[in-house]
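Consider the two complexes below, in which chain A is the common component and chain B and chain C are the respective partners.
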Partner chain A sequence: MSENKIYFKFDGKTYGGNQGDTIASALLRNEVKLVGRSFKYHRPRGIYTCGIEEPNALVQLINEHNEPNVRATVKKIYDGMVVKSQNRWPSLKRDLGSINNLLSPIFSAGFYYKTFMGPKGFWKNVYEPLIRRTAGLGKPPREFKSKSIHLHHNIDILIVGGGLAGLLAAKKLAGTDQDVLLVERDNNLGGILRNSNKIKSIDGQKSADWIEKTEWLLKSANNIKILKNTTVTTYNYKDHLIAIEDKTVGAQPDNNKPELVMHKIRTKHTVLANGHIERFLSFRNNDLPGVMLAASFEKYIHRYGVVADTSPVIFTNNSSTFSLLKTMVDMNHKPKAYVDVRDSKKIEKETLELINNYNIPFYPKSEIEGCEGKNQIEKVFIRTKKDKTLKIKTSMLCISGGLNPDIHLFTQSKGLVKWDEKILTFKPEKSFQNTITLGSVSGNFHFEKLVEEVNKKLGFIEGCNNVNTNIEVLGPKEFYIKEIWETKSLKKSLWSKSFIDLQNDVTTKDLRQAIREGFDRIEHLKRFTTNSMGTDQGKISSINALGIASKLLKKSVSEVGTTTYRPPYSPVSFSAIAGRSTYEFYDPVRKTPIHPWHEKQNAVFEDVGQWKRPWYFKKNENESMRDAVQRESKKVRESAGILDGSTLGKIEIKGRDALQFINLMYTNSFTKMKPMSGRYGLMLGEDGMVKDDGIVCKINDQHFIATTTTGGAASVLSHMEEYAQTEWPHMNVFMNSITEQFSTFNLSGPKSRIIIQRVFPSVDFSNEKFPYMTFKFLDYLDTQVRILRASFTGELGYEIYVPPKHALKLWERIFYSSRDIELVPYGTETMHLLRAEKGYIIVGQDTDGTVTPIDLNLNWMIGKNKNDFIGKRSLNRSDIIKSDRKQLVGLVPIDKSYGIEEGQHVIEQENLSTPIKKPVKMLGQVTSSYFSPTLNHSVAMALIKEGNRKIGSHLFVSTSNLNTIAVEVVKPNFIDPENVRLKS
Partner chain B sequence: MMSTFSAKDLLIEQQDFQQILIRGKGDGSFAEAVNKEISFLPPSDNLRMVGNDKYLFAKQSFDQWSLVCLAKKSDKEMINLISSLNQNEGILASDYSHTSYFEFTGENKNYYLNKITHFDFRQKKFPASTMAQTLIARIDCCIYNLKDKYLITCHSSFEDYFKDRLQDTIKI
Partner chain C sequence: MLLINCPYCGERDQSEFTNGGEAHVIRPKNPENVNDREWSEYVFIRANPKGIYYERWVHSHGCKKWFNAIRNTSTDEILKVYKMGESPPPIKGFKNTLKSPSGEPDVGSGNFAVKKT
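Showing the complex of A and B:
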């Protein structure tokens, strides 16, 4: 322990602490015992433990992280740290919320379930807003940019816990071929060796010396890595564990460094050596500041040099408190009383000797009835074996209700646990994964038997020798405990309570009430009372609840069973879970080779899958999206436009059976299709619904190139691979995704031929020599480009496929070649508008996985003479061929000044009541809608019931403010239905 | 743009290689046809990699190989090589040159990579002269173990993102 003084603030007051202090140890050093208010009743609360199990001392850190609900017993202080207490107003000492304590009769178990049932509408308008405003303890950060990272480990053996058992296990494995990771929650190795005086010597050395030598030995071994300040929170299948490392221990968070590291550990074997947790006891006002677990009180002395009180009362039912007693007398501090529920005949001789030698007031076969005090404990009441009650003034009560093996991780791994009548707790019985438990987590509280256990359980690992460590124990060698879960309270008042769950303010009375009301299953009892559902998961109290329930139900604890321990073991910050997958790295980003040009031209980008696609180009800062899209669209129809279509999926398909494969994958027939031509293809799922579309280019019968939608590229390739590998493995056909290997430009508009002719002067682009839906390979510079005459706008158009390294130069050359022609770059929004004017669908926008080609009036794309294709059989299902299915139609507003909103309902009635009280018959929905600059009115596409029959009729489309717009149903083709422009 | 990143015991250098992705049954005639074009037999064991001064040849899956050209070829040479391979009925060869290539060297390469991938780089699990396809920084990547260095490839569309992630990983 360094004596460097550091200063921190708690509730505005400056305190001094030592380097290495936790907030709790520093506060105790300054004799501060009141640190917070309880969740429900706002009762004064103090420091109950000295570790991660703490239910009470939760505080708020005030810094950039603004971290709420920090365990004061874990978080180390640093110079300048600002800490505030939580859940109180106006101050910690005088909290108005404590009136809840007096109202406790109405806040009993199941209060929420019973109270907020009515009247109608109150939940939404009154209860929920009120509960949301008052619920919770601390306040989360408003703006905090996390720097947490993830780190993956692949190892052979993970040792959880760097205490005595973990160190012995690591020592055994040192120098072997096994990759070992030792994870310790604390910033020091040693565990109980540092926290108590239970061990007199190891190998003849003082504990601290032995730890130092062992750590040096482990660090010198090439096969062992040690992680400190790291808590294993999760044990997943299969031997995959999550651990959180705090990188800010004892230091102010550095904005450029990760504050937390989430370690994701894949291992072959897991050694759980994570020890035990002391449990408390229930008695009247067992929550008062000044009540502390005995082992924690002792830990503050050994770890931090803090004696929280020089004359506490000790209350126990087991032999573990000998260690505290010995520590106190060694320091010449005499406990005010030693209260033990056991008969003196059953109490170990070492304890009795100390009591006698130091003349400590001793109360065997007695118990603490309760305690009292205002904001901290002032007096305790002892019920002696003669059933008399004594009052003793004290400011500290150290209690021990027994020891629980820390089985959280073991049960997360799905290992089975069993109740042990001797030590009165659950301990591991059978592993489900490759899990080995060592030391007190396995229920072995006998230190001298630990070496034997380590050698036996790790003996199967090749290449390791037995450890021969001699452990000399101070005090009782065996663990003796007498069953007691709660003492009987004498004083009944609204203020007096006997708690079973300190964090959630659950009392033993709540347990009894819940059982009376029929919640006699432990899982139901837990949920009804919220017992052990706080962030501490009832680490010091959940077994006590089982014990009390077993008595009330007149069953054994074994029969009552235990609740399920779920990950995480201790609270995990969302920033640790997110890691670097936030902000700029939230999702991987894909860019086309033309991206830098787009940026220079003020493109506004749209996310399409992971691609960044130009949505529209702003001509100037003041131009709105609507104006930009109208301008771009008009220019394409009047002159020419170019779209960066590089994101389109492209799949190269080749093999002897490629034609047969393509015929099966698509609805169209490709058999009679001429080489070097393209065809619009439709792909269905097995359910007959449209899955994807695109142009299929046939180089020859053995070689095709298919395009897909941008978003569907990966799934279409996967679809093809699945069928090639699983359904038709006999076929000789292979496919590669070549999406990335070619940039694609969609040149479109009446002047596109002039432009492309200038760029590729050696090619004849006339209608006769280069007809619609044909393609050519051209030599370009040192490479080859492919040009396909096709269009997604309804205008004369060409798709240019060029290797990406030449793409930007070619793109610029196209603009240079058209400097006397109005060529506009256009984005995806204009593309959508232009294709909607022409009536071309977009899969995923005009379809939703429930739409067949027939619904889209694409019957002509179904190869009638084909024997088979994916989805063919489904197209004959009665549900698919029925006449009242939704069909794709066009909509035009009767009053041309109105716009139609995408996603709105198409209905028959003109007037809608506000609010809508009677069901309105919905005919369908608007799938696409744009304002056409060419037609100067809105055009829309919609899927409506029996749409084809309704062509020519007038219907209504709802609006977002519950009005309607009258529309005429038309064919979904608004411009050039004869395809004159397309084939010009 | 070629980039170099470095940290303690780590050097990441971007390279400019070319690549052909080859699909085929992998039988004798396949090997013969490939060998005829490049005088190099494709590896037959899954995830195995062979190499010489000109090529790295790796079997990526049961019917897929990547041929990384270490010695620069002209575009015409690449087109001709791909065209020749595609003359064989049982082969599909596609130009995969538009791929981003990064070489990782240094003692700490595994440590830094394990910040962004779960992949097990230990020698006993990922020996030299093998390759793997996995996720790094949540994108599809290929890793070629060249004994003292890794060659990691990803789609070029992810290049900027991947470089940003690498820089971030080194920095933080």
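Showing the complex of A and C:
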């Protein structure tokens, strides 16, 4: 053992550990046995295992990341590490929550469902806060930070597990053409070879030497990559596995290096060599600190050089504990007792020899009735074969209830498992994907037969030779086991409990009660009792629960079946899932070329999709949003304003059949439209509902440019692509997004003609030469600019499309040219106000996917003479032509001093009783509402039932209190209904 | 995470694709000539079988091409892919994955993990 001491803190006290120690091995080295309190009953808990299966020893790491629920049996210590126990108050040794243990009758199976039923309001105010305080695990980090990354692998063969079976498989594949990845969750290879003395020699060498040579051999083969500290958590279809690599093992997290790496592995074949997990047994107080799985106790000795106790009691029902016994006597430690459920005639001769030779107190055909102690085990009670109970003082009890092949990943892959009566466990029966199981995960506990298995199962792979490794086993070669799941308790007190799930505090009594209550299906039983639903997923106990349930139901375990294993195999940090996709990297921010100018002009920005758009411009620090918007709006109508519309979606459509295609995509007819003119187009879904809108410009019948809403750009393009490829593939038409290729400025207002004339003096902008809804291309610097006369404000207006590299210059030039004219930059809020005054809709605000063009009174946009367009047939469906659908109308408050709120209900009754007793008939809802500075009162748009017929009538709009506002229903066109300004 | 064989690009991760629902739903040639019921079946009604399903995919983060696939919905196996406009290829070789009347295969559905003896 290395003498490099590492110092760390546990609950405020400093301890020393060795290089390579886990928190658990270091604590055991310091004889600390109590490490936590349990989830529900706050019972004292210790270290139960020596690996990923740990249900009890979950601790909180105190650092920048504040990592909760860390397995003390997995996490390696580093110098200065600060560790705290969880779920205890005020301290680990004196925990007030342990009163729950005495209240346990109310915490029985299904207690959440039964106990906290009423009275009303109690759940939210009393029960939940109480439960949250007393039940639970660690505390989450305060701030989420991810320093993790994702890596992708495309390989031929993935080997999960670098133990004996995994190493043999890798050895067989070394030097072939196969691209192999070997993944080991520990920080070194070897598995069982390092964790026990079950293998006497391998190829005539000591295990450690063989591992070293084999690792060197694998590393020098250029087709094998080895990943250590990497746990495979997920096995998806199709042979797609996810593994999490911990880059911080044994070191403080480094700010400049990835913390975790998520490996996404696509492979042709998966070799599962991930071994087995020892299971426990249920008896009275089987949760006390000092009770530990036998193989884990042995692993602490071989891996970490920690003998947690020199004279433990060993309790077993199988032959695997031979190696622990051998390890102990080899070290001159004599176990206090060897308790075996089996008859001495059934116990393998190797074990019996050891017991005889070393004179170990031996209790065949006996069992542990229970154990007792305060904060840790002090004595055990043995029920001997003559049914006598014997008390033995001990501070450690090692138990083994059998071995479970670790079939978690195999069943995730949707492979089929089968119950094996001989070894009393589920083992893989039939693969669904390209999955090969090797070694103990396949149910082969016979090490000497492993080489044969590897050669047989991997023999199909081209270019690999047989491995001829000679494995010599110490002790019994076969695995012998006798069925037992729970021993009978004698003593009954409130404190005495026999656990089936240590992490979730589920007792065998809970199982029995649940089955009595009719939860006889294993999936129901699991959810009702929360058995195996902790973060350890019942790795050491779920099969035991099946065993107990099968006995109670008088069925075979095979008939009871197993619950579905779901990913992940072990908890995955959100940091690993997020990878680099956090904050600005999660959702990129898109800025227009004019963005720096907006910032200088005190723009307040609004997020529109990924875009940052100016919402409004603050004239000075004290100007409120309302004042700014009123000012901007007024100026546009009086003089001129300019909006950065660069975010508008733009799609270019070309091809011989472009005209025909456009006619099918939009409701309008584009056939008779003159080249170099634009038209407001409406796009429907096949269900007849408004999907998007925009201006379609026709350059000629084979070339169109369409604009879309800012948010709809991507979906409109894919909608077009879908129809072009799937419905009308015979058409010659191509489309492309040109959103980023052009910046767009919307110049608007009575003085916009003067301004644009100054900027582009070579063009005649007179009404006759440049009428409404026409466009022109003109040369500008080294490129072309397109100017479209169109407006979304109702004023005379021009849209300028310019390549982004010249955009900011041109924008500044426009302002320079109008230095003696009042030209205001305006934001999206003013744009919304102005278009609402004019009665123009915004798709997604005034429509919601249930609104047809007819509902919007846009019948004039429907090409009646067209045979077909997307959604046309739906407009004749009986439900769509009903007259009592909601229709778009305008609302004006009768008392002009009132404002109308967006989203409020439109109703018929003026007075609402307090409290409201009868349902209020709702006619519809307000979709847009603004205070018009030009009209000096509120204007609103609303979708209301039979709206067209209600024009001229008076209705009411609800408010956030119980008052209502009287409104007049008008046509949704508040300013310039004759379009005089627009076309001037 | 499926591995999808785009007929234009080859095998790619599922994350590059978008599912487009049932395939071979034919848009009526003359929508005006079909009655409300027939039209609404075209617009709204889609099959949702357990077992063999003909569906559309688009390689949205790739070549952006639409194509068809035959997928066993109970196991997620993609049996065949073929281009738009092509008629579905035969899938005889895969019939054995569909054993029971409800379309439950003997392995791979995830509905049960234990071999019944």
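Keep in mind that, in the parts below, the second predicted complex is superposed on the first by the 965 of 984 C-alpha atoms of A that agree within 3 Å, B and C clash if a C-alpha of one lies under 4 Å from a C-alpha of the other, contacts with A are read in each partner's own complex, and residues count from 1 in each chain.
Following the convention adopted for this analysis, a contact is a pair of C-beta atoms (placed from the backbone, for glycine too) under 8 Å apart; a residue touches a chain by one contact, two chains touch by 3 or more.
It should be emphasised that the depicted structure is a prediction, and the values quoted were computed from it without experimental measurement.
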Given the touch rule stated above, what does A:Lys654 touch, chain B (first), chain C (second), both, or neither?
first
Which superposed partner A:Tyr816 touches (first chain B, second chain C, both, neither):
neither
Partner chain in contact with A:Phe574 - chain B first, chain C second, else both or neither
neither
Let me test your reading of the model: by the given contact rule, A:Thr411 touches which partner, first (chain B), second (chain C), both or neither?
second
Which of the two partners, first being chain B and second being chain C, lies in contact with A:Pro804: first, second, both, or neither?
first
Name the contact category of A:Glu721: first (chain B only), second (chain C only), both, or neither.
second
Which holds for A:Arg266: it touches chain B only (first), chain C only (second), both, or neither?
both
Considering only touches as defined above, state whether A:Tyr586 meets chain B (first), chain C (second), both or neither.
neither
Regarding the shared-chain residue A:Ser874, is it in contact with chain B (first), chain C (second), both, or neither?
second
Take the contacts of chain A with chain B and those with chain C, and give the residues found in both.
264, 266
Within their complex, chain A touches chain C through residues 236-240, 264, 266, 411, 414-419, 426, 429-432, 558, 561-562, 564-565, 686-687, 718, 721-722, 725-727, 729, 867-868, 872-874, 876-878
Complex interface listing, chain B residues touching chain A:
21, 23-25, 63, 74-76, 79, 86, 89-92, 94-99, 114-122, 125, 137-139, 155-161, 164-165, 168-169, 171-172
Show which residues of chain A lie in contact with chain B when the two form their complex.
147, 149-154, 179, 256-258, 264, 266, 580-581, 584-585, 587-593, 611, 652-656, 702-703, 732, 734-736, 738, 740-741, 781-784, 803-805
Chain C residues within the chain A interface of the complex
1-3, 13, 20, 27-28, 30-32, 34, 36, 39-40, 42-44, 56, 58, 60, 64-66, 75-77, 84-85, 106-110, 112-117
